[in-house]
Amino acid sequence: MTDINTGMVEKYRNDFLKEVEANVEEGDWVKMCMQCGVCSGSCPLGSDWDHPPQELFMMIRAGKRDEVLQSTSMWMCTSCYNCIVRCPRELPITHIMHGLAHYATRLGIEPKNQPTRQFAQLFWDNLAKNGRVNELWLGVNLYFMNGFVNGIKVALGMAGIGLGMLKTGRLSLKELVGGHTVKDKKGFQAMIKKAQELEAARIDN
Amino acid sequence: MADEMKIGAYICNGCGIGDRLDSGQLEMTATRDGKAAVCQQSDFLCSEAGVKMIQDDIDNEGVNHVVIAACSRRAKIEAFSFENVTLSRANLREGVIWVRPDEDDQRETTQEMADDYIRMACAESKYMKVPAASGQQEVNKNILIAGGGVSGMTAAIEASKAGYPCTIVEKTAALGGATAQLYKKIPTKAPYADPQDNGIAEMVATIEADSNITVCLNSTLTKTAGAPGRFEADISTESGSTETKSFGAIVQASGFTPYDANNLTEFSYSKSQDVITQAELEALAIAADGGAIKRPSDGKEVTNVMFIQCAGQRSKKEGHLEHCSGYCCSASIKQAMYFKDQNPDIDTTVLYSDLRTPGAGGENFYRSGQKKGIIFTKGIASEVVHSKNPIVKFKDLILDEEVEDEVDLVVLATGMVANAGEPTREQITIAENEAKEAGNEYTVSVESILNLDYRQGKDMPHMDNGFADSHFICFPYETQRTGMYAAGPTRRPMDIGQSMDDAMGAAMKAIAAAENAGLGKAAHPRVADLSFPTARLEGCTQCKRCTVECPFGAIDEDEKGFPQFNESRCRRCGTCMGACPVRVISFDNYSIDTVGQQLKAVDIPEEFDEKPRILVLACENDAYPALDMAAQNKMDYSAFTRVIPVRCLGSVSLSWITDSMNSGYDGIILMGCPSGDDYQCHFVKGSGTAQERMSKVADTLETLSLEPERVQTYEISITESDKVVKIINDMADTIEQIGMSPFKF
Amino acid sequence: MSDIVATNQTILVVGGGISGMTAALEAAEVGKQVIVIEKTPSVGGRVTKLYKYFPKLCFPTCGLEINQRRMAANKNITVLTMAEVTDLQGEAGNYTATVKISPRYVNSNCTACGACGDAVEAEFDNEHNYNMDKHKGAYLAHDMAMPKRYVLEPGMIGTDDAQKAKDACKFDAIDLDMQEETLELKAGAVIWATGWRPFDAAKIQPYGYDRIDNVITSVEFERLMDPKGPTGGKLVRPSDGKEAKNVAFIQCAGSRDRNYLKHCSRICCMASLKQSTYVSEKFGDDANVSIYYIDIRAIDRFDNFYQKVQDDKNVTFIKSKVANIVENKENGNPTLKGVDTEGYHRYETEHDLVVLAIGMEPSVDKNTFPIEIKVNDEGFIEQDEANGGVFAAGCSSDALDVNRAVQSATASALRAIQVINKVAQAEG
Amino acid sequence: MSKEYSFYPGCSSQEGASSSNYLKSVNAMCDVLDIKLNIIPDWNCCSASIGYCGGGELPRLALSARNIALSEQHNAGQDIVATCAACWLSTKETQERLDSDAGLMSETNEALAEAGLKLENKSKIRHMVEVLIEDVGYEEMAKHVKKPLDGIKIAGYVGCQTNRPFGIEGESFENPKYLDKFIETMGAEPVENYDKKVSCCGGALAFSEPDKSQLLIKDIIEAAYDGGADMIVTPCPVCQMNVEVYQDKINAKHGTKFNIPVTYYSTLMSVAYGKTGKESGLDGQIIRAKQLEAIASK
C-alpha cells in the first residue's frame, strides 16, 4: 500500500476509503457520514481526541492514510456507545474506531506507546492464553508495561486499591499461579488460531 | 330586477344590539333618512325565520335593495345572501356595540353611531345596482401553451385529460425541451435510489395520440391580443407563415436558459475542455450510453471527476446568480451515479457548501448516492487551474485546509436563468433610469415570449431574480396578467418532478380562468364578482391615469386615448376608479357614489357639540377584518368613528377626501395593506398607488387651510387589531388638540 | 346533515387546511361539487397557528381571509367540521365514504356572540396554542375561526358549566344532547389533504424536551410571537418568563435521522431563519441567535432570505448536530454540547431558550389509511395510477412549504376534475 | 415452578475476581426469586470491548460464538443470561453481526469446528436486568421484600453498556428509569434526575488513562452527592469497580472527600429480601455500605 499523502495533488481518491471498506471492521459505513458531528460531541473523552470520529471519516475520504492510522484518537474510545445511538446515519462508530485501531496494529503503524494500545494488547494476550482473564497478572503487567522503575511507582500508587481488592476477596493471589482458565485450552487456542488465519487470508492479500 | 328601486331595511336586535340600541329610533332613521320603503325588526335576523322574512319581502313586496342592520359584512355571509338584489350591511355589532362600553353616559353617542351606519347603508344601497355580466364574455375552452418542454407537455396532457383542447407553441423543432437533453432524470418515485428515464418519449407519444392537442413546432408567438376567454394569438413559423388562433387562457412554460459558464473565468471554463457544465455532462453521458464516459479533451475514460456546486450561484458577485437553483445538488448526485453505476471504482467528489436535497425523495437520493460511494466534501472552490488535467483549488471546510486536487474532469453545477420574456414597460423604465444614473445604456437583451399586445408590456412582469413567479405565498399562481399562468422553471427554478406538478397547477388555473371569463366572473381575489368597470367616456379627458395605474394591465387605449376596459382581464379592485380625476369610472355595485353618498349621509354635528367625526376608509381585505377582530376582543375606539370598507385603497378617489373635508369631517384615516417589496396588497400596487396619491393631499388641505394631521394613511396587516384601535384613538386625541374642523355647516 | 347532496360527480376533500381549502376552491370555482371533511372545529389547519410566513414575513391570516371569503361565497362547497373519514370503498368515479361527525353541541343558530363563553368557568387545554395555555369550555378556536360558530369541550358536557352555557344562549344554539353521527357520502374522486403534525419532540431524548423547561419546539415558538398566543406576543421563556434574547435554533430536530424521521422536512431551515428575525424584531441589537445546522436548505429564492439573515451580525451559524442539552440548574439555561465540524471546535454554550426546528410527520399513520393506497417509507402518499381516484394534496404527498403545498393542491384539483369529467361524460 | 437460564457469569464474577461479590448477591437474589442459573460449562472471556487491539473482528466473534455454542449444546433451549454488561453486549453483538453476515457466520463456524463446536445462533441473549423486568416483574420483585430499605437515598447509575446500544426494552438511552424503579421497589428513595445516570466512567480506560477516567468518575460521584445520595447502585461490574475503588485517589488529587458506597442492584435486593450481609456480598465492599449492613443485621 503506497503512501497516498505524499502525492501533492492526488487527494480525494477513494483508494484509502476502499482499503478501509475492505479491511476495517464495519469500514464500509464510513462513506455514509454526513459530517453532522454528533458523534464527536457525544464522546466522553472527546476533548482528548486529536481527530474526532466524524473528522477521521472525512480524513479517510480525503486519503490521509498515515494521519488516520497513526493517530492516537481511536484509542481514546471508551466503548460507551453514545456515538452509535445518536448517529443519524446509523454508523457503528464504536466498532469502526476499534476496527481502525486493530487495522493500524495489524499493519504495525499504530502509536506504540499509547497506553490503551498497550493495555488492550495485554488484555488480549492475557485472555488468549487461558481463555479467561487473569486480573492479577493483567494488573501486574499493566503497571510494569512502561518499564520496571516506572512500574514500581504505578504499583505503589495502586497498592492501596490492590490491597483493598485483596482484603475484600476481589483479587486473589491464587491467580499468580494457575488461576482461572478454560478447561479445553487446546480447542480454544485452535479456534482462535483458525479465526486469525481466516481473517488474515481475507485481509493481507 | 324590478324597474323601480325599493329599499328594505332589516334591523336585528340579537347579540345585544337590542339591549344597547334604541331599535325604534333606528327604524325611524332607516325610513325617514334612509328612505327605506320597508323596515322590519327581528330578535334573531340570521335565523331561518329572519331570513325568510326578508326573502318574502323580496318575493312579494318588490324589495330589490336590501339593507341588513346587524353584524359585520364578514359574518353570516351564507345566511344573508339573496339573489337579484343589492345588499348593504350596517355593522351594528362589530362596528358599534362591541367597540363601545356599555355605560349610560355613552348611550347617546353609541346610538348616533348606529343611526349613522343605518343612514350610510341606505345611502350605499340607493346607489348600488345588481351587477350583470357585460355580455362581452364568451366561453373558449382552448388553452394556449407557450413552450413544449416537460412543463408545457404536462400542462397539455393534463388539461386535455380534463377535456380542454390545447395548443403547444414550441420554438424548436422538437418537443421535450431541456429534459429531452438529459440522459436520465432525478427520480420522482420511491425508493428514490436511482436515476430514472427522462420519460419524454412516452409523453411525446401521448401527445401525438391525443387529437385534443395541437403542436406547433418551430413556432413562436408573434402577437397575443385580447383577454381571457378571447385571446387572439398569432402563431408564426420560422418559414414566416402566421396563423391566428383564439384561446381562453394561457400557460407560459418557456423554461430556462442555462447560466453562461463563460462568466466563470476563475474555473477556466472557456480555457479547458475538461471543465464542463452539468448540461454538457448529460451530452457526454448520452454519447457513452451506459458505457464509460470519455472526457472532451482527449477522449480519455474518466477515472475521477469533481462536481463544483453553486458555480456562479448564491452569490452577489457581478455576473453571478443571487438565487439557488434548487435542483443542482440532486442533479450532481444523479450525474455522479452515471459514473458509479458504470464503474464503482471511478472517484466522484461533490464539492458543496450546503447539500440541498429536501423532502422525502431528496434525502433518500442523497443517501443512495453515498451508498454508491460518491464522496461529499463541504468546501468552497476558489479556482480551477487549466493544465493537462484540471486542478481544483478549494478549501475543505471540515478539515479546514486549502487543497489542490488534480482530476480528469470538472463539472460545474451552474444554475437556471429564467426565460420569462421581456420586463414590463414599467420595469424597463426603472432599469433604464438606473442605467442612466450609472452612466450606462440599458437594452432589453431577451426575446419576448408572449408578445402581448398590452400597453403595459409584452410579457408578464418579472418577480425575484427575473423569474415570472407569483409574489404570493398563499396564491402561488397569481400573476399580474389575468388568464396567464407561468409553469416550471420560467416561474421559479425547479427540477422536473416539481415542474410537472407545477404545470398541472397552472393548467388548473388556466382552465378556471377560461371558464370564469366565459361567465364574466372575476378571477382571484374577488372571485365570481360580476361587476366590472365602465366609464362615461363623454367626461373622459384621456389623461391615461387609469391605464397606467391598473395593476393588471386590464385597460388599453383606443387611438384617441380613451380607455378600453377588458372586463375579463380586470380584477375589480377599482384602482382605475380611484385614479380617475374626473370620476367617470364606476362599477354597478361600487362607485364614486356608493361610497361618496355614504360619507355624505353621516350626520355631522355642529362645531360646538364637541362631537367630531372621523372617517375611516378601510381595505376590506386586511384593515376591515382587523377592525372586526378588535371588536370581537371588545376593544373600544372613539364613538365618533365612521368606517367605510373599500375594495382596495387603490380605489379611493381623492374626491371622497375633499368632499368629506368640505362637509366637515374632522379627521380622515386611510387603512391599506403594506406596500413595497414585500407588499401584501392583494391587488399588488393598490395601496402603494393610494399612498402616492395621498402624498399630494397635503397641498389640497393647505388650500382649504386645514392641518395636514387631519388626513393620515396607514399600512395595516390583518392581525394588527391593537394598532387600528390605537390609530383611531390617536386621531381622536389629535382632533382634541388641533380642534374641530371649521367646515361644519 | 341529511341534506348533503353527494353523487359520483362530487369531489371529496379530506382535510380543511390550506391544501384542502385550495383544492376545494379550485375545483368548486369551475363548478364542481365539493365536500370538505375537516377533523377539527374549524378550517384553516396548521397555517392558522403560524405567526408569519417566510420569506415575506406576512401574516397567514391575510390569505386565510381571502380563502374563507371565497368558501363562504361559493355554493358548490359544503364543509363538514369535526368530521373524519372512517372508511372509504370503491374506485375512481364511484367511491363511498363513511364519515363520522363528532358532536359540537352548538348548532347553526350560533351567532358567535360569545355569551356562552362568558357564562362558563372551567378551562381546558388550548390546542390552538399547543396546550401552552387554556381556554374556556365554550370557545372559538381563534378569532378567524370558520365556521364562526362556538364549540363545547366534550369534557364539559354533564357539568353545571354546560347548563350555564345553554342558559346563556339566546338563540337556542346549544344542544347538549347532540350525538355522534355517521353518514355515507358518494364521491367520484377523493383529494387527500390531511397535512402534517410536528414530530413528538419528547422522543428526541438527548435534547431533553421532556425534562428541560426552556427547550421548546419551533411550532410553539411561533405561538409565543402571536398577540393571541400564550404569552400575549411576548418572547419570554417558559421557566421564569425571562425575555429570551439569546436563542439557539437546532435544525433537523427529528428530521434526517434514522432514529426519528429519515426524511428532510424541508421547511425547518427557513422556519428558523424566519424565527431568527423575530428575535431581532423584539430585541434589536440585544438579540443573539445561534443556528446549529447540518445543511441550510434554503432553495430557490429562499436563498436570498438566507443571505439577508447571514448579513445580520447577531445571527451565527454553526455546522453541527448538537450532541445533547443539559440544564444549568442555577439559572435554568439549557447548555448545548457538541462540535462545530467546520474545523473541529468543541462548544459548550448556554442559551436563554432553545428552539427545536421540529420535523414534519404525515398526520395519518402509514397503516391507517381507510383505503389501499401507495405510501412511501416516510409515510407520504405517492402519486400513482394504483391510487385510482384518490389524490394527495399538500403535505400528505411530501414535506412541503405553504407555497408548494398550494401548488400541489391546485394540481390535485385538476386530477380530481379529470375523473369527474369522465364520469360526467359517461353519464352524458 | 422455577425459571431456568443458561448463565454466563464472565471473568470478573469468578471467585477471587473483581466482581465476585456481584455473583454472590445475584445468587442470593435468584434464590429468593426461584431463578435457576445453569452456568455455561467451560465458558470463556468475551474480550469485552478492549480486546480489539490484538484480536481482530473474527477472533473476537469466535469468543462469544463459542459461549453461545456451548450454551446451545449443554443448556439447550434456555435463554443465555449475563450479569456483566460487557459480557451481555459482546455476546448479543456477536449474535447480531453473525445473523446479518452469512460470510462471517460460516467463517466463525469454521473456527468453532477446531474446538469441536457448531453454532446455531438461535438462543436469546439477555441481561439479568431484563429477566427481572420482563420475566419476574416489579410486582413479584416487590412481594419478596422483607426488609424495605427505608431512609436510604440512592443514585441509580446505569452507565453505558447496559444501556447502549441495546438497552432495555421500552427505556430511553438518555434517561432510563428501571434502576430507579428497582430502588423504589426495594423501599429506598431514588435520586430524581440524576444527570450522570448514563455517563461513562471510562470503562477499561480507567486502567490505561487513569487521570482522564477519574475526571469522569469524579463527575459521576459529585452528581450523586448533589442529588443527596447516600450510596450509588449500578448493574455493571466495571462501573461498580471504577466508581468505588478510585475514590481515595480522586480525593487525593482533587481535594474531594468522597466516601460513598457503590453496590449492585442485586446487593440491594438480596439485603431487602432478608439475606445476610455475607450472602449479599456486602463484605466485598471496599467502601462499606453501612446502612445496608445495618438493615442486613437486623
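Letters A, B, C and D mark the chains as written, and numbering starts fresh at 1 in each.
Just so it is clear, contacts are C-beta pairs under 8 Å (C-beta built on N, C-alpha and C of every residue); 3 or more make two chains touch, one makes a residue touch a chain.
Since the structure is predicted, the reported quantities are computational estimates derived from the model, not experimental observations.
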Of C-D and A-C, the pair with more C-beta contacts is A-C
Ranking chains by how close their C-alpha centroid sits to the total C-alpha centroid puts first chain C
Subunit B to subunit D, mean C-alpha position gap in Å, rounds to 66
Averaging C-alpha coordinates per chain, one finds the centres of subunit A and subunit C separated by a number of Å equal to 50
Per the C-alpha means, the centres of subunit B and subunit C lie apart by a whole-Å value of 24
Residues in subunit D with touches to at least two other chains are numbered 173
Note: subunit B residues in touch with at least two other chains are 355, 378, 398-399
So subunit A residues touching two or more other chains come to 34-35, 54-55, 82, 85, 89
Contact graph of the chains (line, ring, star, complete, other): other
Those chain pairs meeting the touch criterion are A-B, A-C, A-D, B-C, C-D
Listed in rising order, subunit D residues that touch subunit A in their complex are 11-12, 14-21, 42-45, 47-59, 61-63, 66, 107-108, 110-117, 160-161, 164-165, 173, 199-200, 202-205, 207-209, 212-213, 216, 245-246, 248-249, 283-286
Counting only contacts in the complex, subunit C reaches subunit B at residues 18, 25-26, 29-31, 53, 56-67, 69-70, 72-74, 109, 111-114, 143-144, 148, 170-171, 226-227, 256, 262-264, 266, 295-304, 307, 319, 341-344, 376-378, 380, 382, 384, 398-400, 402-404, 406-408, 410-411, 413-415, 417-418, 421, 425
In the complex, subunit A touches subunit C at residues 34-38, 40-42, 46-47, 51-52, 54-55, 82, 85-86, 88-90
Counting only contacts in the complex, subunit B reaches subunit A at residues 304, 306, 345, 347, 349, 355, 366-367, 370-371, 373, 375-378, 391, 396, 398-399, 403-406
Subunit C residues touching subunit A in their complex are 206, 252, 256-259, 294, 319-324, 337-341, 344, 346
